[in-house]
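As written, the chains take the letters A, B and C, and residue 1 is the first residue of each chain.
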Amino acid sequence: MVWKRKDLVGLKGLSREEIGLILETAASFKEVLFREVKKVPTLRGWTIANLFFEPSTRTRVSFELAGKRLSADMVNVSASSSSVVKGETLLDTAKNLRALVCDIIVLRHSLAGACHLLASRLPDVGVINAGDGMNEHPTQALLDMFTIRERLGTLEGIKVLIVGDILHSRVARSNIWGLTKMGADVSVCGPVSLLPRGIEKVVKVYTDLDEAMKGKDVLMFLRIQRERQEAGLFPSLREYHRLYGLTEERLKRLATKVILMHPGPVNRGVEMVPAGVDGENSVILEQVTNGVAVRMAVLYLVSTVLRR
Amino acid sequence: MVWKRKDLVGLKGLSREEIGLILETAASFKEVLFREVKKVPTLRGWTIANLFFEPSTRTRVSFELAGKRLSADMVNVSASSSSVVKGETLLDTAKNLRALVCDIIVLRHSLAGACHLLASRLPDVGVINAGDGMNEHPTQALLDMFTIRERLGTLEGIKVLIVGDILHSRVARSNIWGLTKMGADVSVCGPVSLLPRGIEKVVKVYTDLDEAMKGKDVLMFLRIQRERQEAGLFPSLREYHRLYGLTEERLKRLATKVILMHPGPVNRGVEMVPAGVDGENSVILEQVTNGVAVRMAVLYLVSTVLRR
Amino acid sequence: MVWKRKDLVGLKGLSREEIGLILETAASFKEVLFREVKKVPTLRGWTIANLFFEPSTRTRVSFELAGKRLSADMVNVSASSSSVVKGETLLDTAKNLRALVCDIIVLRHSLAGACHLLASRLPDVGVINAGDGMNEHPTQALLDMFTIRERLGTLEGIKVLIVGDILHSRVARSNIWGLTKMGADVSVCGPVSLLPRGIEKVVKVYTDLDEAMKGKDVLMFLRIQRERQEAGLFPSLREYHRLYGLTEERLKRLATKVILMHPGPVNRGVEMVPAGVDGENSVILEQVTNGVAVRMAVLYLVSTVLRR
């Protein structure tokens, strides 16, 4: 199949074939990362802007390295910079980047739909969603899927449990759309206060982690934000850990082949005990590496459409 | 003619021929921006420091991309960084960049004359003014002139009206020097409290915008700073818009061939109504694109002197 | 001899031969800095992360330019960025950079030992100390040694006096280790409150600067931090200058061949009068230039071990 989109707004709208193509492409780029010269000339002369309205070291650096390894020129524009402070709208900022002859904009924004807005209003610029509010974070889910497939050989029929704050998580949403499309069997587990209403119509829902873990191939723990606790959505970090965290005890019960995932950064001792984060079941750092390969793939595929 | 300056401090001191040469050079670099590979090896191995003591996304990114497209190595140094916090003087910071073997320093500083100081004290480093206090912002005026000439074929005899806070605007000052030298007919319009004393000896002055607009080819609206209102220099944004803004009503009266300019970012609904910003008379985004070409030209011309 | 270390944690653990090799290598890289194209392809395809938990314009830019001139891809990660704000540990941040396939991490951190921790826990990543708490700042001392050797032909038997806040200075510590190993005769001078206990067992100690300066070849003034005054460690900047600064009077007494050093940024009029900073004895800006060459050498040497 041929890639036909100039943007990656989310996984909700992608077909199984499109997701498959991204994952295949990422596999070939991953090989580049372990060459002596980790660089290909694919996007030489292209300009990619990292437009981040929310701070994020790991996603920003991951895209920056993905672009540099494709030989693109990267430019970082962060929300603390002046135009945003001066009250310029998102669309004006993006139109200015387009006028500066940026080919692709990687956007992180606190509003759901920000990425869709830019993608639809800038017909000749590629727009990649690096997280928009509580909506989607498609490259995170793609790297998760890549990691699962690399470890377990397939996504078809794989039993994935996503644990934690499903309600506020764009990572969960993108994974639910993507994994389901690829034939995985997705379920979620978390406190009722952190589950979106109606989620049970989309995936199987658990509130008891011990029951939920049974028979699962993949446990994906989401990062818990302290501000949710302040908002009264869960009682204490200790209590959260006991009920929804990977405790020492739960870790011991884990089958060898089960893989542990986390989008990072981990609150050690809250979502997972350190022995889980650093143990043999953990693929957390593989996720990070695969993120670069997946982002190289997305930037490349989008460029093939823009180039035409 | 041959370019002979290692610096671009302002347009006040440039000859008509020098300005013409920058604009010609920019025209050839603009073509590079729309190639598939937007890059030339002209400044490979050169190092350019963006030394910004005031925040500015658009000017910083424009210079950064100009340099990268010439294949220079760019390094960003901002005022929030430590040495400045540690109380190092401007000249010491610049001498350190020179000692790090930076070839060109692009300087934005809140003090008028800062750029002249560096240029005169660093005999073997190129210094480009990216805005110094209320003095000059020469590359902005050059991109404005480039845009007018590209649209209207010439600058000679073109009637340009600059509207707004002339008093505090380095953009206005650089444009007045540059446009006048190139044979344009420049006038200004704004509230008396925002006009510099004695300006009527240099250009024609209006305080009534409707009268001022008559017969003009170019309307250039300047950004209004909210802090001027707090200082009592104009009564309210609404009142400012009514008296000195491009209202819907004024937009409707506009001849097709009149071009609307703004250095950005626009306060939509204050200096200009959105229909003006985004309409057919507007060349605001062309200004942004031309800014990259003009900055490539300036960096290149300066390099030819330093190389000798 | 062959370089065998993947890290540069400090000078305390290096042999005289290792320090000599770095200085020799730096001499050959210094030549690159004055070519028309200041770039070599040595580290093309390598990725180097500047991981700075304390602000530092000059050290960050120096490493950034060193890396770029070796053709490496550089990525800047600063402490104000999000993951650190989110409470991620240093080791987790570094493991993530490793997972992003960064080859070398340049680390500045406020805790002594931070660099040693990373170096020992990341067996396949190069770790370069860019300053760790009050422990070491080895590349600063190496550039100091390079500068002395370049000026005076040797380090053997050279009489070096380090003046100021020895107690809190990682620059002083690294220089004491390094210079002593290279056969220089090191002594220190400062107020008793700013001398480490037991320092007299390692180097000769003076509290009277006029006496201390006699017969010395090199005077290295350390930057004084204003917060030390607030902590009551010295009475006033004026008094500090009178007792431990290079005054006009002391400057006049200086022999032509004596060299004046300072790691920068100088508090003009405190550690040194401006006539000293900018005068003929001063090598302060040469130190800055040599810093780039020394850092190129260190990055290169470390890469030869990682490459194997």
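Heads up, the rule we're going with is that a residue touches a chain if its C-beta (ideal position, glycine included) is under 8 Å from a C-beta of that chain, and two chains touch if they have at least 3 such contacts.
Note that the structure is a prediction, hence the values are computed from the model and not measured.
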Check: If you fit subunit A onto subunit C using the CA atoms, what's the rotation angle, as a multiple of 5 degrees?
Finding: 120
Notebook entry, point to check: subunit A-subunit B contact: same residues or different, taking over half shared as same?
Noted result: different
Checklist line | Inter-chain centre distance, subunit A versus subunit B - centres from mean C-alpha coordinates, in Å | finding: 40
Checklist line | Where subunit B touches two or more other chains, by residue | finding: none
Item checked: Residue ranges of subunit A in contact with subunit B within the complex -> 44-47, 49, 73, 75, 77, 81-89, 92-93, 95-102, 307
Notebook entry, point to check: For subunit A, which residues are in contact with subunit C within the complex?
Noted result: 33-39, 54-58, 60-62, 64-65, 68-69, 264-268, 285-289, 291-292
